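Have a look at this one before I ask anything.
Should a chain be cited, it is by its letter among A, B, C and D, assigned in written order, with residues numbered from 1 in that chain.
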Amino acid sequence: MPRSLRLDVDVEVGPGERLALVGSNGAGKTSVLRLLAGLDRAAPGSSVTSGRTVLVGDGVHVRADERRLPMTFAEPRLFPTMTVLDNLVFGAARSGRSQAATTRLRALAALDTLGLGHLVGRRAGELSSGQSAVLAVLRTVLAPAVGVLLDEPFSSLDTEVAADARSAVHGWLDQLPVPLVLATHSVLDVMALATHVAVLDDGVLVQHGTVDEVARRPTSRFAASFVGLDLFAGHSHGTEVLVDGTFPGPASARSDRAVAATRPPAGPWTVRLSSSTPADGPVWVAVAPRATTLHASRPADGPRNIWETTVAAVEQLGAAVRVTCAAPLPLRVDVAAATAIRLGARPGATVWGQIDPSSLEVYPA
Amino acid sequence: MPAWLWLPAGTAVVVLVLPLVVLLARTPWPDAITLLSSSTVRDAFALSLWTATTATAVSALLGVPLAWWLGTGTSRGQGLVRLLVTIPLVLPPVVGGAALLFTYGRGAPVGSLVWNLAGVTVPFTTAAVVIAQVFVAMPFLVVSLEGAFRARGVLLEEAALTLGGDPWTVFRRVTLPGLRPALLGGIALCWARAVGEFGATITFAGSIRSVTQTLPVAIDELLGHDLDAAMVASSLMIGLAVVVLV
Amino acid sequence: MPRSLRLDVDVEVGPGERLALVGSNGAGKTSVLRLLAGLDRAAPGSSVTSGRTVLVGDGVHVRADERRLPMTFAEPRLFPTMTVLDNLVFGAARSGRSQAATTRLRALAALDTLGLGHLVGRRAGELSSGQSAVLAVLRTVLAPAVGVLLDEPFSSLDTEVAADARSAVHGWLDQLPVPLVLATHSVLDVMALATHVAVLDDGVLVQHGTVDEVARRPTSRFAASFVGLDLFAGHSHGTEVLVDGTFPGPASARSDRAVAATRPPAGPWTVRLSSSTPADGPVWVAVAPRATTLHASRPADGPRNIWETTVAAVEQLGAAVRVTCAAPLPLRVDVAAATAIRLGARPGATVWGQIDPSSLEVYPA
Amino acid sequence: MPAWLWLPAGTAVVVLVLPLVVLLARTPWPDAITLLSSSTVRDAFALSLWTATTATAVSALLGVPLAWWLGTGTSRGQGLVRLLVTIPLVLPPVVGGAALLFTYGRGAPVGSLVWNLAGVTVPFTTAAVVIAQVFVAMPFLVVSLEGAFRARGVLLEEAALTLGGDPWTVFRRVTLPGLRPALLGGIALCWARAVGEFGATITFAGSIRSVTQTLPVAIDELLGHDLDAAMVASSLMIGLAVVVLV
């Protein structure tokens, strides 16, 4: 898909550091990796650097096969006509006999650890999709490299197979002596494989930090929705936070856009916290779906942090149902389907929301 | 399927299958060995085998790179080239033979060039048989391989490049092995078409015993004076066709 | 896929009643509908009846086109070469001129209500998938019928498109004068379109009741997981319930099987309720994923209903993460991804679980 | 693609395209009208058009039901029938012509039956031309339609049945309209193959002016004594081929 996207990304990844690129479809994750790998060319006048090497820019172009940036793709792309072992040592073939022999031994050891030793002479075309995905990463990790690129390596796998693949790959990465860049849609990939996160929006880097920082205090709409939080702009004063009903940041995550379409205009709303916020002024307020409880009628607990609303949309997440509220706050609340049925939570139904202020994260914008 | 449709469907099968069954049934099998070793059939059979094989080899050498370009390149003009090289697929072989004659004949542009340079004439030689076979059979190889190239894309090649494989290694170890089934299929098709070639051959190369008289040409001639030999030769070619199909 | 499945289903569906057939893949939902519609034949000796008509059995066979049981499939199956209107009135063609004219008027009115009036002369092949799905149901509803069959009519649609389709169809069904049978995987379909639920397991009917009854008190493992609850067998005595760590019922839901594989053997565990259970004796205990809270360290609230456990598996549900606990109870807890990251909830990690006894549903087994 | 592969790829294009270009370039276009209206070319052209059209009509009538059965049925023996009816696809047309001759000839089983019943002989008549064309061209129609039937499956038909459509209505209003593109494509292919038929025709029907001398047969003859007319007739057939392809 030839597509023109202006990229503006500048991130440093140290040896042993593992950076997850996250962002909605079309945000530029794969484009960044393909440019780094040398599979696509940047537009004239732009520059792509890796370490101290200018890969493209000012007329310099290093061929993909000379960059030492092996890449794993969303499909395993094992060579189906070669044996598993030949696949794994393919990258070392150019580096001379002794390097090839060492790689061969490392490959055999890794296969044994995975319990796949019996597959060593099997043609790669005969493997299951889970085995292929794991071995594709292994092939990439075994190739001579100044950095390793993974592009959604487990996105084509079933939930459980992906979980196994992730835990198999987890161990190798701890010993990887070079930087790793991983593009992913899956928060489980980030939890299992990454140390840092870079959030891309429409080709632009909008947040960069450790996994914990980004999960705790997302500063963009996509990052918040990636870690499962609703994010609102607000203004804090003592124990009160005036929350604006609008999402901050550019609209790009697909599901958010859908919600926006069905959401009536929302007014500001005041949350009373149990303790003071760190500083008065503009803040972000991050709300977990479990912070809000829905009731079919007004609960008896008192007037604080309780409001009447209508259901704007319902969505199924596995066996849970995600209810999106209308005014005053377009909060998303996850409940068991059984609960949704009991609440009669169809679009347009009236429900009562109650928020637990202690589970809000409030931090300076 | 409504019952009355069985009538036309059954008729279709009879029309297509009956002649083959009758031919195989009437073939004088006891005399087959004798008839096959009669010099006309034997010479024609040998000539057919080696011209078809040569034509297939030439087609593969020239056709694989062309199919590669058509299947993976993104140049403009590809559509036009694809159309042009598939014309021989639907062109009556006789017309192909005529076109070859008008091109490589002694008075023709390329023919006179060859005559001036090398002092040979092309038509009515064994070379003409091979050229005619290449002309009608190579498009089959190109078309089937092009589809295979297109279906494969360049996914594996990209992976191989990032792993550090240089372009020639990638072609040799990744691209070519992946194409094997399609290549074998295309070669079988091309060979079958070449071995059965008649119209272009008789027009461009004629029917000279041991020089240009391939098996189909010989069958046409034998029908005039030796029905038994024609039957045996025809049955032989049905056998070849079934082998290629299966 | 010719497959042999022994079906044992006997359900009565009244006029205006709308029955949702639910069950895991291969439970026989589609088989039941196709047998009713006459598209598949039952094995000799068995019988399929609809109302008072024996459709198959004892040598009687009514042809599909004479049963008046129009069916919608998982793919819309509109006739792409006909106009939208011709598709909608196809079923009435056999019923004479006046019936056809009436149907034509009803079709035009329904298209107008949907805001699709301009599509009336368009070829059906040009419609979007959402429009096709809605019109396929409309075509079925407009055909002369003694009953209507819908087989996962929205399963191929995106979340938001499916929501629109569901609300469009919702209205027609309220006026449907004949019984409706709907096979579905989606709890949102059940919420929006059904009045009753029949739970199939391996071809056998295991529970049948109103939507509310089944959602509140599921009695099979699949039904519980369908409405998003964990179900355990237990034994109640006063305010105490001794909960067995095993799932009851046959293992068929796919995700349950996966959990079972990674789950260590679990011991019995006692929950102390705030009030007495209705009756002493064997009970089911249904637990919503929100009933349990996970903590990174032991919470201070006291010893009741708190336990230490390890994470058996994590699974992504949209932007939420479903954490499955190990012993003593294989509970599944949904948390925001941000929370999972903060907890470090990777497989094998230690967490503390705390259950809210007031949100458990305990009922006689 | 490595640069040196351009050499064979380019050669392949030249081999396939050059003869056509030379033929079109050398054709005496100013005299075309006169030559086309010469009685040999005109008669052959007319005969070709109507025999090919008749053969295509017969193929459609018999082939569509057969393709339907092959594409949707699940009977045993389908695989064998499919193999048998596709043999003519890879069989050299001359052999097909020989098989027809051995079947419908005067001394042959079916031929003598026809002679006894109707007092006519089949070979070397216009009917023989049509039979030869049906034999070689119908498999194209059957194979391409069978794929279409198979790809469609019976999904729409099932829906139409539950809505109350009786089987004949369903075939007429649902099945047939859905097959239109494939049917048109198959008919074009079948017609092109029929109009270009040479080997089976010359073997089974000969070359009798106005009776069995179709355009390809006429070209073969004209090459011997009227090159200009042969060129014009050949260019005409190239034009037909391009029209069918596009």
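Just so we're on the same page, a residue touches a chain if its C-beta (ideal position, glycine included) is under 8 Å from a C-beta of that chain, and two chains touch if they have at least 3 such contacts.
This structure is a prediction, so every number in the text was calculated from the model and none was measured.
**Student:** Among all other chains, pick the one whose mean CA position is farthest from the mean CA position of subunit D.
**Tutor:** A
**Student:** If you average the CA atoms of subunit A and of subunit B, how many Å lie between those two points?
**Tutor:** Whole-Å distance between the two chain centres: 55.
**Student:** How big is the gap, in whole Å, between where the Cα atoms of subunit A centre and where those of subunit D centre?
**Tutor:** Chain centroid spacing, subunit A to subunit D, equals 58 Å.
**Student:** At what distance in angstrom does the C-alpha mean of subunit C lie from that of subunit A?
**Tutor:** Going by mean C-alpha positions, subunit A sits 30 Å from subunit C.
**Student:** Tell me, which residues of subunit B touch at least two other chains?
**Tutor:** Counting only residues that touch two or more other chains, subunit B contributes 167.
**Student:** Do you know which subunit A residues sit against two or more other chains?
**Tutor:** none
**Student:** By the document's touch definition, which label belongs to this structure's chain graph: line, ring, star, complete, or other?
**Tutor:** Graph shape, chains as nodes and touching pairs as edges: a ring.
**Student:** Considering every pair of chains, which are in touch?
**Tutor:** Every touching chain pair, ordered by label, is A-B, A-C, B-D, C-D.
**Student:** Any idea which subunit B residues touch subunit D in the complex?
**Tutor:** 1-2, 5-6, 8-9, 11-13, 15-20, 22-23, 26, 61-66, 68-69, 72-73, 81, 83-88, 90-96, 98-104, 108-110, 131, 134-135, 138-139, 142, 167-168, 171, 189, 192-193, 195-199, 202-203, 215-217, 219-220, 223, 227, 230-231, 234, 237-238, 241-242, 244-246
**Student:** In the complex formed with subunit D, which residues of subunit C make contact?
**Tutor:** Within the complex, subunit C contacts subunit D at residues 37-39, 63-71, 73, 75, 77, 79-82, 90-91, 93-95, 139-140, 143-144, 149.
**Student:** Using the touch rule from the top, collect the residues of subunit C that touch subunit A in their complex.
**Tutor:** For subunit C paired with subunit A, touching residues are 159-160, 163, 167, 186-188, 190-192, 211-212, 215-216, 218, 225-229, 255, 258, 261, 286, 288-290, 313-322, 334-342, 345-347.
**Student:** Quick check: in the complex, which residue numbers of subunit D touch subunit C?
**Tutor:** By the definition above, subunit D touches subunit C via 155-156, 158-167, 169-170, 173-174, 177-178, 180.
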